[in-house]
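Here the structure comes first, spelled out in structure tokens, and everything after it is commentary.
Labels for the chains are A, B and C, by order of writing; each one numbers its residues from 1.
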Amino acid sequence: MTARTADLPHIVDAADFSASWVLDELFPRAEIMRQVHALGDSRLLTGRRMFGLFFQPSTRTRVSFESATTSLGGTFSAIEIGADAQDDEPLEDRVRVLCSYGYDFLLIRHHEEGAMRRASAASSVPVINAGDGDGQHPTQALLDAYTIHREIGRLRDFEVALVGDLTYERSVNSLAELLAKLPDVRLRFVSPSTLRIRPAIRERLTAARADFDELEDLSAVAATADVVYLTRAHSERMAMAQRFDPAGLRYGVDDELLAKMKPSAIVLHPLPRGAELPLGIEADPRVACFRQAENGVYVRMALLTLLLQAREPNSRLTRLEVRA
Amino acid sequence: MTARTADLPHIVDAADFSASWVLDELFPRAEIMRQVHALGDSRLLTGRRMFGLFFQPSTRTRVSFESATTSLGGTFSAIEIGADAQDDEPLEDRVRVLCSYGYDFLLIRHHEEGAMRRASAASSVPVINAGDGDGQHPTQALLDAYTIHREIGRLRDFEVALVGDLTYERSVNSLAELLAKLPDVRLRFVSPSTLRIRPAIRERLTAARADFDELEDLSAVAATADVVYLTRAHSERMAMAQRFDPAGLRYGVDDELLAKMKPSAIVLHPLPRGAELPLGIEADPRVACFRQAENGVYVRMALLTLLLQAREPNSRLTRLEVRA
Amino acid sequence: MTARTADLPHIVDAADFSASWVLDELFPRAEIMRQVHALGDSRLLTGRRMFGLFFQPSTRTRVSFESATTSLGGTFSAIEIGADAQDDEPLEDRVRVLCSYGYDFLLIRHHEEGAMRRASAASSVPVINAGDGDGQHPTQALLDAYTIHREIGRLRDFEVALVGDLTYERSVNSLAELLAKLPDVRLRFVSPSTLRIRPAIRERLTAARADFDELEDLSAVAATADVVYLTRAHSERMAMAQRFDPAGLRYGVDDELLAKMKPSAIVLHPLPRGAELPLGIEADPRVACFRQAENGVYVRMALLTLLLQAREPNSRLTRLEVRA
């Protein structure tokens, strides 16, 4: 676990983040980035270049990082490596070559868990995990946590329902691990019995003495949850699991469920949405998923500037520390 | 109809353009952009970012906008959304997320007529239609009209032959509607009988009291036309329609047809060309299709700066108004 | 043959490069670019734009040029033209349109030998060959030669083994032609008998009075070669040719072969590697393939600035001539 960005050369696994790093380094920086973004035309990353290496397609994560980089004056380029070309070259060689080309950050999405550790071992610049297999998506966890913090005003002492396909939805893995480090957080995993959280996550949570339980119906926690974190319910796997509940309402929200929720609670969703978050329901201000998407840009801007600053302690980025 | 850019938040339909906006706002700005482009390294859009969302592939329109944006110092990025991913997410959600990421312009090409109205309703920044279905391609119409204006010295009192697949060629739909607003323009639609202009266009032209007729052979108007606007003749549809005229000369130009044309007339083509504009014929200076392509960059630079200026009335772009 | 960049409007064929241009113009400039790159955030190409037109896929060459361009402050954009769209439009039209859009450099990869001459004839800006069919890859030859020069301290008086599929590996064609122009270079072509250098290359080398021979086993020259230039051995063609030598060691290196090599010799490889350069063998400092990849960026930065300077003799780039 890492208290300072200086000890965090790569962003690979949410398990590497400490609560103090998240709360004291990242989030305040994200608030600054919100202002920097609003002012427009920042030059904080001018001359800096991010390269994306996508072994699996990505649009949202890729575009969010692209926006974060270019809004700070940096450049972003990327390639997708199709299934037919993935074995053409060892991942380590690809990383070494990109480092030798002088890129400042590597953003990698890969279909194998563990690929990120190999990539980061071969890299002379920060590697950022944009999703590895069904494992981790650590920057999604950071933006989710940031959104909770901003929306409910604290990142402790709350109840969160994590809902849907908990076996394969990597956002949830990373977020659960991160939230388990925070005081007085109650994790409630709501999924079909065939799509429960993985044993490895359950063990890690138990080891961390996290307060969690597992349920099969979202309505059971609607009245008490401060945060309802939905995931896409109309995957093939969810369709299979829900054969007898085609509407999927037990893993989504509708007006009835929103009526049971606290006025101060929020609904999050990593998007794209499916039937679990019906069109138009975002009119309820508690549905925060578009603010969550926006926050992703600020959190990623914060992350990039912190990573760079940790490598270049004399850069002008350090001036961002002086805050009113 | 819009007289001023301030009343034109999105560029969706050529029907929204007034003659005065085209002649008094857009074209003079395009002339300035021609100079700005020649000088190189403009910073007028530094820090501004355009995002392209392509539900249908595009190379020419996309690259033309990319060039317009980057030549003004802005950045351009885009994604193509393949047929398999088009139903993954509502168009409105995609637009909302891109707005929340802070992009300044959205360029959208979509396979459904009407998609642009939905996209622009969901957008907090200008949406530009890069072609919707078989419907509209309004910026193509603007660059076509600009080219006519520049090449023949006026945008009134001329005869234009619009030639080819008039049912499905969206450039022609948008251009005909725009030209119909101008005084003393005679529109001559030349097409196989199976590929005539659509009833909806015919009705709009009649309502606008446009002077137009429909023919089946380009040679009938060669001697009188001031502008011959060709479209690609070797589409499958054209091949079907022309079964008995495989050379396709009735919908294209060759040396013989050029010989019949006025010395002051011009031949336009949105490119890419087919058999209707034979290789080498561009040696005739009346064939203006490459100047037309070039003009597209200036018109789009003009459009972007006008849209931005309308949103930010105090920006330095307003200084461009002071012209010698 | 070209002694000065001013006489080299396009980069099409290694046969166009003179030894003096390579040694006296390009390589010193590449050394400067190494420094420029290390300093970061150069503005030498700010406002300049390269466009890539890829009729065949490329990752390494494309990304290397992208890095070269963006590290100098320029912008890079590109399209891939799939097999289904390649006949949509004459190459010359594509080039003319891109020139009219104002791009400063065109980078083209094409599947037909000779396409580059057609493209450069139609272009008003420098065309750079990023590989044409099985023919030429001239900038790869430049970076290879630069790496030899840097690694062994001279570009004359050495023995080089060019190894593998010499019929179809275009890097080797270009490099052999370039090296044949230099004094006291001994070229040793090592390949299966079915994959020998092409007759046309053999004739050109003979005409240039080059010192060369052809062999079938790399171990025969291991002890004398100063440079071992490997190419990918596990292509289908190589697999066919090596039916009776599945390990492919006669066209690759292993610890045993490295032990036979001179301490001062180097192993080059254009990457991606196959079985001919086993994983881990890069621990031997004589394996220079990642330094070679890095050098590609500096050589391409040098090339771009020289091409631009030749067109704009009064640009500030000329100040780069003043060297300590």
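Note that a contact is a pair of C-beta atoms (placed from the backbone, for glycine too) under 8 Å apart; a residue touches a chain by one contact, two chains touch by 3 or more.
Because the structure is predicted, anything quoted here is derived from the model rather than measured.
Trainee: Classify the inter-chain contact topology: is it line, ring, star, complete, or other?
Mentor: Shape = complete; every chain linked to every other.
Trainee: Can we say the copies chain A and chain C touch using the same residue numbers, with more than half in common, or are the two sides different?
Mentor: different
Trainee: Quick one: chain A and chain C, Cα centre-to-centre, how many Å?
Mentor: Here the centre of chain C sits 41 Å away from the centre of chain A.
Trainee: Multi-chain contacts in chain C: which residues touch at least two other chains?
Mentor: 75
Trainee: Write out the stretch or stretches of chain B touching chain C in their complex.
Mentor: Spelled out, the residues of chain B in touch with chain C are 37, 40-42, 59-60, 63-64, 66-67, 70-71, 73, 75-76, 271-273, 279, 290-291, 293-294, 297.
Trainee: Please output the residues of chain B touching chain A within their complex, sorted ascending.
Mentor: Listed in rising order, the residues are 46-49, 51, 75, 77, 79, 81, 88-90, 92-93, 96-98, 100-103.
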